[in-house]
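Take a look at the structures below.
There are two complexes below, and they share chain A, which is joined by chain B in the first and by chain C in the second.
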Partner chain A sequence: MALLHAWRTARVTPLGELHTPPRMTAVLLRLTVQVVLVASLWHGLYSHTGTTAGLSEDQAVTYAVLAVLASRLRELDQYAGRDTVLQHMHFGTIVYWYLRPLPPQRYHALRAVGEQLYGFAWALGGYAVCLAAGVVEPPRSAAVAGVFALSLVLGQLVLYFVMLVLDQLCFWTVRNTAAALILIFAQNLLSGVYAPLWFFPDWFITMSGFLPFQATLSVPLSLYIGRIPLSDAPAQLAIQAVWVVLLFLFTRFLWRQAARRVISQGG
Partner chain B sequence: MNGVRIAWRITVLNFRAQLEYRTEFLLMVAIGAIWQVSVIVFATVLLSRFTGMGGWDSSEVLLIPATRMLAHGLFVLVLGRMHYVGRQIQEGKIDTYLVRPMSVYRQVQLSYFPTNAIGDLTVAVGLMVGALSRSELDWTAGRISYLVAAVIGGMLLEAALFTVVACAALRFPAADYWGRWLEELLGTFGSYPLNVLPKAVGGLLTYGLPLAFVAYFPAAVLTGHGHDTGVPYWLAAISPLLGVLAYLGARLLWRWSLSHYTGVNG
Partner chain C sequence: MSGSIEVRGLSRTFHTTVRRPGFLGAVRSLVNPERVAKHAVRDISFDVAAGELLALLGPNGAGKSTTIKVLTGILTPTSGEARVAGVVPYEERERNARNIGAVFGQRTQLWWDLPVRESFAILRDIYEVPKAEHAARLKEFDELLDLSSFWDTRVRHLSLGQRVRSDLAAALLHDPPVVFLDEPTIGMDVVVKEQVREFLRYQVSERGRTVLLTTHDMTEVERLAERVVLINHGRLVLDGPLDEIRRKFGSTWQVRATLADAHADVVPLPGIAVLRQDGPQVVFGPDGPDAPTVHQALKAVIERYEVTGIAIDEAELEDVMRAAYAQAGPVAEPVAEPVAEGA
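On to the complex of A and B.
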């Protein structure tokens, strides 16, 4: 029965997407055009330059294209379905989360699992096409592929908890739009979405090392392209795991505190 | 005149409404600035690692993001609410606008005050001052006039693109998703010489999505690279005029789309 509930909750976003053809079309076109543009840009930039910041042309293009594909895993867009914490707080419907037989934290996590699996299907399809077309390099060995997969899962967990903290902020603030945008910006910049972190100054790379964001994307992709050697992988995976545990404990604490603040209309 | 007075009074009220949430107000100013800074960060990283991008020196390249960001900041301030038409349709607000004695387009623009535009414009003006101070060009009255026209043309072209997306949203509300992508594309690819890209891709960003006309072509004309853009010089030179024409065309499309709009009640 629990599995049935989980399945029904997790499939909400994929079903919503399947019933919105413009969004599906937009995702397909966006991914295609973005991959072509990003690959062209990095090939163009490297046309007069050799290896820079420890990245060769193929590594940089592979990193950039994989970052585009990973964007499908990073957009937890429940806004269109009116099911964000912010919207529920605004309309007072958050109280229903606390009246259901399913705990709110589990509901939130199951929705995210469904979204990320749906996004993963897009990313995997895009990856297969890019690999067949020679746009991205394959992993250098089976060990690299395995470490990358593990790192990607840990990165997704870190990403989920970071975005969850943002949602939980809504329980204390009436609005969180600006905070959300700032966090998303910081997340994109410090995780290497805009450009691989290796291109940034040393102080910037050092600073990112103390924050959870680089664990979400930069680490898995750097492992994939070989910028982080396999010998350093255990340490990087351990850091990711530590962030997962810390953020899990922190968000669990916040869920408990948030529950005390929920009141239905009229008190 | 009465319309202008009403618009001004609504804007003042909207501004006061934004001030009601002080922390959110300050954060929104910050996010405008931060969004623009992200473009500068990306541009700076690329410029420092890949010098001589597309045959342009760094002071010349800087003029492209400065023009684009200033145009974008003005767009956000004056016409930027087109971003949210999809959401307003989903919430049924457009249906309300239709029965009021004011143009729907104007009501959309007056729906709230864009606080983030303050941050957007602050950073954009700063970058433009920096770009002009580093520029070795002779800034004659003609060049300055062309730069002003380019900024206004860029603003109108961006407004035209988002108005077209808004027209699509009148039919398919979920089409506002395209708006977010458009903004991302403008931010990522609108700030560099497009001749670093293959010709087909450059052509796509010129004739498919006319992003090159926002800042790249005007900057190329100003810096003497106008003949190396891959399009006839005259076409690059009339970019500001194309912005005006595109906006007028988009407004006609909006009027047509609105006349065919059907709310949830039929």
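On to the complex of A and C.
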């Protein structure tokens, strides 16, 4: 039964999307346009140069296209379905999260699992098309593919917790729009969505090492294209795992504090 | 399981920061915030028996919603205690959640993007209701609330009445012995209101559920509640049957008499004042706190004067409540007191 309620809760977002075909069309269009533009941009940038920042043209294009596809893994689909913490605080419906025998933190996590699986289906479809069209390179070996998969899962966990902190902020500030703009920009820049971190100066790369963002995307993608060799993978995976544990403990603490706040805002 | 509710000496104080007016005031509030304590509820005690429908009444800001939040486990009281179906709600929130259902006005707990039936299925799994039981209850609710005509529609496309009916069903699908309804029919048309009232009557009389209802709709109170608890300024003002409230605060009756002698010398009777006289037409009304009931006044007028016609106007419950709120104190925000540093 517990599995069943997990399944029902997890499929809320995918089901909502399936009931709204225009949203799916928009996602398809956006992904197609982004992949084409990003691939063209990086081919253009490499047209008069060879290896830059330790990346060949094929590696750079593969990294950039995979970054676009991975960004689909967890988008804020909840917003259209009025199921974000921000919206629940605004409408006062957050109280219902605390009136069910399913703890709010578990509900939030189950919803995210469903969203990420749904996003993964999109990313996987896009990856298959790009691979068949020769836009991205395949992983160099089965070992690389395995390490990449593990690193991607850890990276998504780190990303979930980072975005959860943003959601939890609503319990104190009701609105998190400004924080969201800052955090999403930082996440995209420091995780290497805009450009691989290898192109940034050394001090920037060093600074990024102390933040959780590069663990979300830069590490798994660098492992995939071979910019981080397999011999360095255990250390990178360990850093990702440490971030997962730290952020898990921090967000658990925030959930406890949030439970005391829910009554005075939006209740 | 007994669905009784016990509330003993319940108090809840909120600490908030006062925002001073104007630009300079805002800057001062930023640098030197002034904190105040707001006593939302003070020393409230009452019981609701299993299978009883109690109306919790009071003006805006009286403390009704705070009381309900404590009883649903969302809020922990500052002092006092509460038990709902034998469970202390704020200590065992999840256990309490299985015993209660709640509808908060127009705030829906349904999933906006999904058809209503999908929301019901999610709740069925969250509350771990067996499939056959769920289907039977849904069938029963459909007969009472006509849900099947719109339960395949996505929630975002429902009318207010359809959504509230769906929310009522959602709140009761796990068969809770206790139900909290915070202004459930606000903004609904009269037909749907009546349908909802009939549903609630059925849930109390046939299913034995305990219902705690807050509303500003006095028709709803008259149709549903036999007993009311009245709170104002966070304090309990009255706890008793509806008739008692009428007796205590409903002395706004008028007796209209047509006297046989148009020139009779009309004088006030004990506790009865002469409000108007126009020839043989005389209007009597209550005079002072010891005024008789309307029926006692009627008897007194007939015994004292020879009348050819007589009629009575009793106060509407809304007038009675207005009088009750007024006597219980002015309608205002909860009392605020400065708080010592570090409070």
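Rule of thumb we're sticking to: the second predicted complex is superposed on the first by the 262 of 267 C-alpha atoms of A that agree within 3 Å, B and C clash if a C-alpha of one lies under 4 Å from a C-alpha of the other, contacts with A are read in each partner's own complex, and residues count from 1 in each chain.
The rule is short, and it goes like this: a contact is a pair of C-beta atoms (placed from the backbone, for glycine too) under 8 Å apart; a residue touches a chain by one contact, two chains touch by 3 or more.
This one's a predicted model, so the numbers in the text were calculated from it and none came from an experiment.
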Which superposed partner A:45 touches (first chain B, second chain C, both, neither): first
Touching partner for A:153 - first (chain B), second (chain C), both, neither: neither
Which of chain B and chain C A:20 touches, first, second, both or neither: both
Contacts of A:128 with chain B and chain C, given as first, second, both or neither: neither
Contacts of A:200 with chain B and chain C, given as first, second, both or neither: first
Contacts of A:179 with chain B and chain C, given as first, second, both or neither: first
Which of chain B and chain C A:36 touches, first, second, both or neither: first
Overlap of chain C and chain B interfaces on chain A (superposed complexes): 20, 80
Complex contact set, residues of chain A against chain C: 1, 4-5, 7-9, 12, 15-16, 19-20, 80-83, 91-93, 95-96, 98-103, 260, 262-264, 267
List of chain B residues in touch with chain A within their complex: 21, 23-24, 27-28, 30-31, 34-35, 38, 41-42, 45-46, 49-50, 52-54, 116, 168, 172, 174-175, 177-178, 181, 185, 188-189, 192, 196-198, 201, 204-205
Contact footprint of chain A on chain C as seen in their complex: 14, 16, 65, 69, 72-76, 93-95, 97-98, 100, 102, 104, 107-109, 111-115, 118, 121-123, 125-128, 154, 156
Chain A residues within the chain B interface of the complex: 20-23, 26, 30, 33, 36-37, 40-41, 43-49, 52-53, 80, 173-175, 177-179, 181-182, 185, 188-189, 194-195, 199-200
